[in-house]
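Each of the next two complexes has subunit A plus one more chain, namely subunit B in the first and subunit C in the second.
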Partner chain A sequence: MENRILKDENDRVDGFLKVTGGAKYFAEYELPGLTYGVLVTSTITKGKITSLDTKAAEKAPGVIAVLSHLNKPSAPAYEQEGGSQMKIFYTDKIFYNGQPIAIVVANTFERATYAASLVKTSYAKEDFNTNLDKAIKDPKAKKLQGQPDYKRGVENAYKTAEIKIEQQYILPIETHNPMELHGIIADWRPANKVTVYAKTQGVKATQGTIANVFKIPIENIQVNSEFVGGGFGMGLKTWPLEIATVMASKHVGKPVKLVITRMQMFTMVGNRPTAIQKVGLGATKDGKLTGITHTAFGESATYENFTEGVVNMAKFMYQCDNVNTSYTIVPVDLGVPIWMRGPGEATGAFALESAIDEMAHELDMDPLDFRIKNDPEMDQQKNKPFSSKNIKEAYKLGAAKIGWSERKNKPGSLVEGPWQTGYGVSVGVFNANRGKASVKGTLKADGTLLLQSATSDIGPGTGTGMGLIASKLLNIPTNKITFELGDSSLPPAPSQGGSATLSTIGSAVNDVCLALKSTIAELAANSNMDATSNFVDVLKKNKLPSVEITKESQSGKERDNYSMYSFSIHFVQVKVHKLTGVVKVSKIVSVGDSGKIVSPKTARSQMVGGAVGGIGMALTEEAILDHRYGRYINNNFADYHVPVNADVPEIDVIFIDKPDFLVNPMGAKGMGEIALIGFSAAVANAVFNATGKRIRTLPITPDKILA
Partner chain B sequence: MHSSDNKKNSGDSRRDFLKKSSLITAVALTPSVAMKAAESQADEKFAELFEKIPLNITVNNKAYKASIEPRVTLLDYLREELHLTGTKKGCDHGQCGACTVHVDGARINSCLSLAVMNEGKKITTIEGLAKGEELHPMQQAFIKHDGFQCGYCTSGQIMSAVACVREGHTNSRAEISEYMSGNICRCGAYPNIVDAIVEVKEGGMNV
Partner chain C sequence: MINFQYLRTTSAKSALALLQKDKNSKFIAGGTNLIDLMKRGVTAPEKLIDINHVPLKQIELIGTKIHIGALATNSAVADHALIKEKLPLLSWALQAGASAQLRNVATVGGNMMQRTRCGYFYDTEMPCNKREAGSGCGALEGFNRMHAIFGTSDKCIAVHPSDMCVALVALDAEVVLLGPKGERKILFKDFHRLAGDTPQLDNNLKPDEMIVRVEIPLNNLAKHSYYLKVRDRASYAFALVSVAAGLELEDNKILSAHLAMGGVAHKPWRLTKAEEFLKGKEATEENFAQAAKLSMENAKGFGENNFKLKLAPNTIIEALNLAKRKA
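And now, the complex of A and B:
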């Protein structure tokens, strides 16, 4: 990533390229002889293809090939049993509506699009179900344990508590829909060498998947993904459509570019699945939690299983001796889900944090006081101390900033004309993960530092954060530091996900910088220079153009002895219109307790972005299926409402900013997920405080308020 | 490449086109001929003669003459033909604003405009905003206020923001938000985008 014109060391290193249109995303690479792929998709939900007539498409102007299960291009792994049943072009089975069944390759995008419309398909249809609720109630429908059941103390203790609540919470399908459409450019060359330009959160993962499917050596595959136009989790998987494009390039002997449509973004690249959850809480009259039961059902697919951490938070977030959870996945006839920002933890937090608010109301307690009263001193699930947790301080700072003292505990108390005002709070929590990564550092005699690692940047500002870490350690200005990523030939790093990039790759940057520092010190000593000499002078004196070191870094034993989490507290003020039921989020304060903040500007933006995503989850986003046909009815940006500028108020972000050196040498914990986790519950709780209406099914649309 | 001959778009040439296009149908009905035609790129030659029409367009102060199919959108023309990929495709349905460009000074969604509809018009894309290394004030303000994360909607946001200032729809944060709501940012940089626009507006710079 080129680094230029930095006025402020906290500015994004790729800012210049992004504001000038110079940043190249996958679809923007010019390759000689580039051809265009367009997918043909199933129009039924379940069954078999009985005929696929491609003659007209093949004859259409500019068409080079039409590939399907009829002329399946070689992909050795798909000839074997096992793994996902979704072996594209190796099956005539239809698992969901909108499944890719053929790819048309032509010399222009328009010609490929037209030719794809000429493919005629017949099917043998089978009965299907796309409705989670129906599947749960059907004793014959398949159900699988998504996570081992958890029990601490007495099961379902809430039922015998002095005060109890028991409620059901429903989340609909939410779609990632990053602004950049998904796709890939694949360029298969003789001797089984392949280069792809991908939209991926993990170049090494994409490389590995291609190697596995085509059974070619990993070093034959080059994956490039320097700029990624958002991911939110959907780039954590190499999808069948990507494999189809690689197959197509192999078949036609030319580079093939596929960019899917916005409608296809709803069906082919996963979603946050529908979840139906029950939470039971029990407490003493004076507000001590005595029982938590969290059970969840989540959608999965028929051809592949999908699980996430829906019930994790209930196990440790509050002091409670009796906790039990269960999580069941239920296959339905839809495309397989994929983790979406905050993943299952965000789904679970909506239920748990709504229930906590309900219990506080039942007890006639301020929900903040109730949380503080039940704040645990240690992690009761792991039976370990938290590496750091400043949540009480976070409650205090956020409450002061939003003006929590204005809030009345009795719902519907603040009315001004047609607008009812309410305040809500909720907590988010996510593992402070750290994985294993390698970084190569090259200090050059021209005064610059080059850092390289096969990590990604889907938007949070990976290169910016890494530059700031290195800058402080080596005392080099950030505009002399270049961080290269998104290239599978660089030292290996895991995919960008689970809020772990800064922790994982940042630690390797830390280690490599320290190693470079001591190498320079050694060189200085050997050449009779002062130990604190500038590295440029040391290199010059030693007649070295550069020194380079590669370091692999991972956690030590601390991880076995402590419970490590990042926390967030979201405070929301809403205004609800009495007559129209419209909800406006009017104030937001998000407090991040995520260790030391390494890159203040990008970190703040990430918290802001999480809150915006949370507004969508809470108020507008729902991918609606017509269960009669198994098809989405709002699969576009006009009908599926993501928040727009006018939906978003000014957002205050507060960081506790205290280092946690048990997590990593920077003392920084991840924060991509906590920015969103819990936010939707804060909105729902604020709506209740404003109106007295408890909405337990997201999104909170006006019809539900007025019902 | 064709000269700017408007006769091509006249009624005469349309009738001409219909006559000749029946020839294409005849060719298409004969597989072996079609195969040969494809091999010799005859369909390209047919298309050049019958399907494409001339276009004269100015993009970022540079005049282009082209011969293109009428179904090519301005967005795809910019990205795939001129390789001006700063303008982004986010939905192809005029619902997200990622493809926003200026046509004769007005902001439009380039995915909703066919390239040939822009005959004789002046287009400005994100690549035409900076003067070399000297950024436009809006570009500088976006960097300063971190008005983006992934950067994919950014070109459209900036083109829209510049137009928003020129239109005079910047009298309050609320007004800016309203007039910037045709540009979706999934990373959620909206408050930062508004901060950037407020700064440019208050700076009174010539945009």
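And now, the complex of A and C:
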């Protein structure tokens, strides 16, 4: 990645490339002899393929091959028992509607598309269910524990509390749907060497999956993914469609490109699953929490299990001696979900933080005061102190900025013509993760630094953050630093997910830079130079074109002794139209308590993006299924509503910006998830404050306000 | 490949001749709806007759009527000084539709002819009488949140999705159609049809006709008109319910009221009863509420769209409130 036109050291290093079309995404690679794959998908929801007629497709102009379970293209691992049942082209079973069942490879995309339409399939249909609520109520439907039940103190203590609430909260399916469509280019060469251009959050993970499925040495696989046009979690898995493309390339002996359609983005690459949750809260009359019970049911698939951290937050966010949680996953006949930004925590926070607001209302307390009153001194779940937590300060700063003092505790108090104004607040929290990663640093006599690691950048600005860390440590301007990523041959790093990239890779950058610094100091000493000499002079004096060091980095014991979380507080003001039920978010203040802010501009962008995603989750986004058919109704960008500019007011972002050196050497905690987690509850709480209507099923559309 | 022939023509006459020569041909204007339908396999014309170069882009005042050519783009009409001054309601309705990019290529004729956005119509794996007569209506007992509450039939409860057409109906527009025997003119409110037993027919344009222009009489509504569109997000979404309202006021007395509603029927829904009721009345919220109530006679929900039974009258009241305040 080249540094260009950095006007300010905090600018995004690839900003220029991205806005000028210079950033090359996977689908833009033109390989010699490239062929095109198009998937044929099931039109029933459950059953078996009884016949698949590919003759017409095979005869269509330009078609090179049609692959399906009939000809089982070679994939050694799929020939064995076990693993997910969704072994593409190795099963005739249909697990959901829209499942890929064949791939047509042709010499143009249009010809492949047409030929795919000629494949005729017959099925033996079976009864199915795509409705979580129905599955929960059906005693015969399978239910699995998603996480061990948790209990501290008395179970269901809320039931006997002085004041109690018990409510159910429902989230619909939300899809990641980044702008860039999913897909892959696979190029299988003689001697089992394969190069892929992927849209992935982890080049090493993609490499590992391909190695496992095709049973070839990892060194034979090169994964490139320099630029990714958004992921939000959907790139955390190597999907059957990617395996199908690699199979196809192996089979036809040519590179194959597959880019799925927007409609297929709803069925093939996961989603944030529907969840039905109950929260019971008990409190004393003066507002001390005495019981929290959080039970959740989340959708999973029949062929693979999916779990996420839906009920995590209830266990430690508030001071409370009696807490119990349970999380059940319920297989339905849909494609398997995948973590979506703020994964389960965002789902859980909608329920818990709505319930906290409901309790504050019952107590006639300001919801902010109620939270402060129940703010824990330490993590009661882990029985450990927090490594850092500045949430009370965050409450104060955010409240002042949004004008919380204007808020009236009595709902429906602020009215101007047909518009009712309300204020809401919610907390978000996510693990301050740190993993293990390696980074190679090369200091060159031309005054530049090259950093390399097999990490990814799905948008947060990985290279920018890493450059800033190195810049401060080595006193090199950011425009002289290049960070290379998205290449599986670079030193290993984990996938980009769980808000851990800056913490994990950044720590390795830190360690490499410190090592380079001491190497330069040694070289200086050996050549009788001042210890503070510039590395360029030192290298030149030593006749060295460069020095390079690779470091692996991970955290030490401090992780065992502290509870480490990133926190956010979202304040929103909404205006709700009495007659039309339209909700407008009119002000947003998001406060991040996530340690030291290493990269101010991209950090702010994270918070802004999270707020926009939060508006979508709260007000507009819902993938709608017709459960009679198991098919989506609004699987396109006209009907699946992500927020547009007109839905987004100015967003104020405040950072506490205090380092937490227990988490990592930069003192910085992750931010990607907390930017979103809790946001939807803040909106729902504001809507309640505006109107007195508590909407417990997202999204909050006009019909629900009018109901 | 599903091949089609692409023809381009520069006159209405030759366009019509080409259309008549081949039953399975279709005009293409902006293509913003037709191409989507072709991609989804909903329609597969053998010939596309590109009419974008036919000189029908005029926007002009002739006598007491404003003429707008069928190939004027949605943005050209919305931004035209004459329209903004004399027919602001039309300008706002256009601006409430789609996105800037779409409006830049979408045409007046194409907008009238755009097909419903019902999900069952678009998905060839699901039943839809409009797409495939006799296959059933997926929406009747399915996802019908966006669907009609007026003039429905058991064959189809889809709505016409246009915003522009709602304003045109409220403004007493006429549409001019060119056929083998020359031009004919019909009231725009009679252009679109109810679904009845023939949901496959959206309107009364004959297969051998072309829309050439609309004519809108000048009026005294410019000062007090409003297009209120209620939707799931602030822009770039189809209407749940929309109301085009124009009032001719003297002091606070309503000399005439023009009202039409979108998102509620298979065609833009003129609120004749409400208009008659309001004529001569004071412009008060009570009268607006009464007008809204009258508008809802015979409305019927299908489950998920029951909320429209409340949203529709509320939107009428608010549109009238806003039209009255405008000036």
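The rule we apply is simple: the second predicted complex is superposed on the first by the 707 of 707 C-alpha atoms of A that agree within 3 Å, B and C clash if a C-alpha of one lies under 4 Å from a C-alpha of the other, contacts with A are read in each partner's own complex, and residues count from 1 in each chain.
By our rule, contacts are C-beta pairs under 8 Å (C-beta built on N, C-alpha and C of every residue); 3 or more make two chains touch, one makes a residue touch a chain.
All figures in this text were calculated on a predicted structure; none of them were measured in a lab.
Trainee: Quick check on the superposition: with subunit A as the shared anchor, is it clash or fit for subunit B versus subunit C?
Mentor: Here the two partners, once superposed via subunit A, fit next to each other without clashing.
Trainee: Just subunit B (first), just subunit C (second), both, or neither: which does A:Gly613 touch?
Mentor: first
Trainee: Comparing subunit B against subunit C, which has contacts with more of the residues in subunit A?
Mentor: More residues of subunit A are touched by B.
Trainee: Pick one for A:Thr701: touches subunit B only (first), subunit C only (second), both, or neither.
Mentor: second
Trainee: Please work out whether A:Ser405 is in contact with subunit B alone, subunit C alone, both, or neither, and reply first, second, both or neither.
Mentor: Neither partner.
Trainee: Between subunit B (first) and subunit C (second), which, if any, makes contact with A:Pro61: first, second, both or neither?
Mentor: Both subunit B and subunit C are touched by A:Pro61.
Trainee: If you stack the two complexes on chain A, which partner ends up touching A:Val644: first (subunit B), second (subunit C), both, or neither?
Mentor: both
Trainee: A:Thr532 in the overlay: touching subunit B, subunit C, both, or neither? Say first, second, both or neither.
Mentor: Neither partner.
Trainee: On the A-aligned overlay, A:Thr580 touches which partner chain: subunit B = first, subunit C = second, or both, or neither?
Mentor: A:Thr580 sits against subunit C, while subunit B stays out of touch.
Trainee: State whether A:Gln80 touches subunit B only (first), subunit C only (second), both chains, or neither.
Mentor: A:Gln80 contacts neither subunit B nor subunit C.
Trainee: Just subunit B (first), just subunit C (second), both, or neither: which does A:Arg631 touch?
Mentor: second
Trainee: Minimum CA distance, subunit B versus subunit C, superposed model, integer angstrom?
Mentor: Distance of closest C-alpha approach: 5 Å.
Trainee: Where on subunit A do subunit B and subunit C both make contact?
Mentor: 61, 110, 638, 643-647
Trainee: Which of the residues in subunit A come into contact with subunit B in the complex?
Mentor: 5, 7-8, 11-12, 14-25, 27-28, 30, 59-63, 107-110, 177-181, 227-232, 259, 261-262, 458-461, 601-602, 604-606, 608-613, 636-638, 642-651
Trainee: Which subunit A residues qualify as touching subunit C in the complex?
Mentor: Result: residues 43, 61, 110-111, 114, 117, 418, 577, 579-582, 584, 619-620, 624, 626, 628-629, 631, 633-634, 638-639, 641, 643-647, 701-703, 706-707 of subunit A touch subunit C.
Trainee: Name, in rising order, each residue of subunit B that touches subunit A in their complex.
Mentor: Interface residues on subunit B, with respect to subunit A: 28, 31, 34, 38, 43-44, 46-47, 69, 71-72, 76, 79-80, 83-93, 95-96, 98, 125-127, 129-130, 133, 135, 139-140, 142-144, 146, 148-155, 158, 173-174, 176-178, 180-194.
Trainee: Note which residues of subunit C are touching subunit A in the complex, please.
Mentor: 1-2, 41, 117, 119-120, 123, 125-126, 138, 141-143, 145, 228, 230, 232-238, 240, 307, 310-311, 314-315, 317-318, 321
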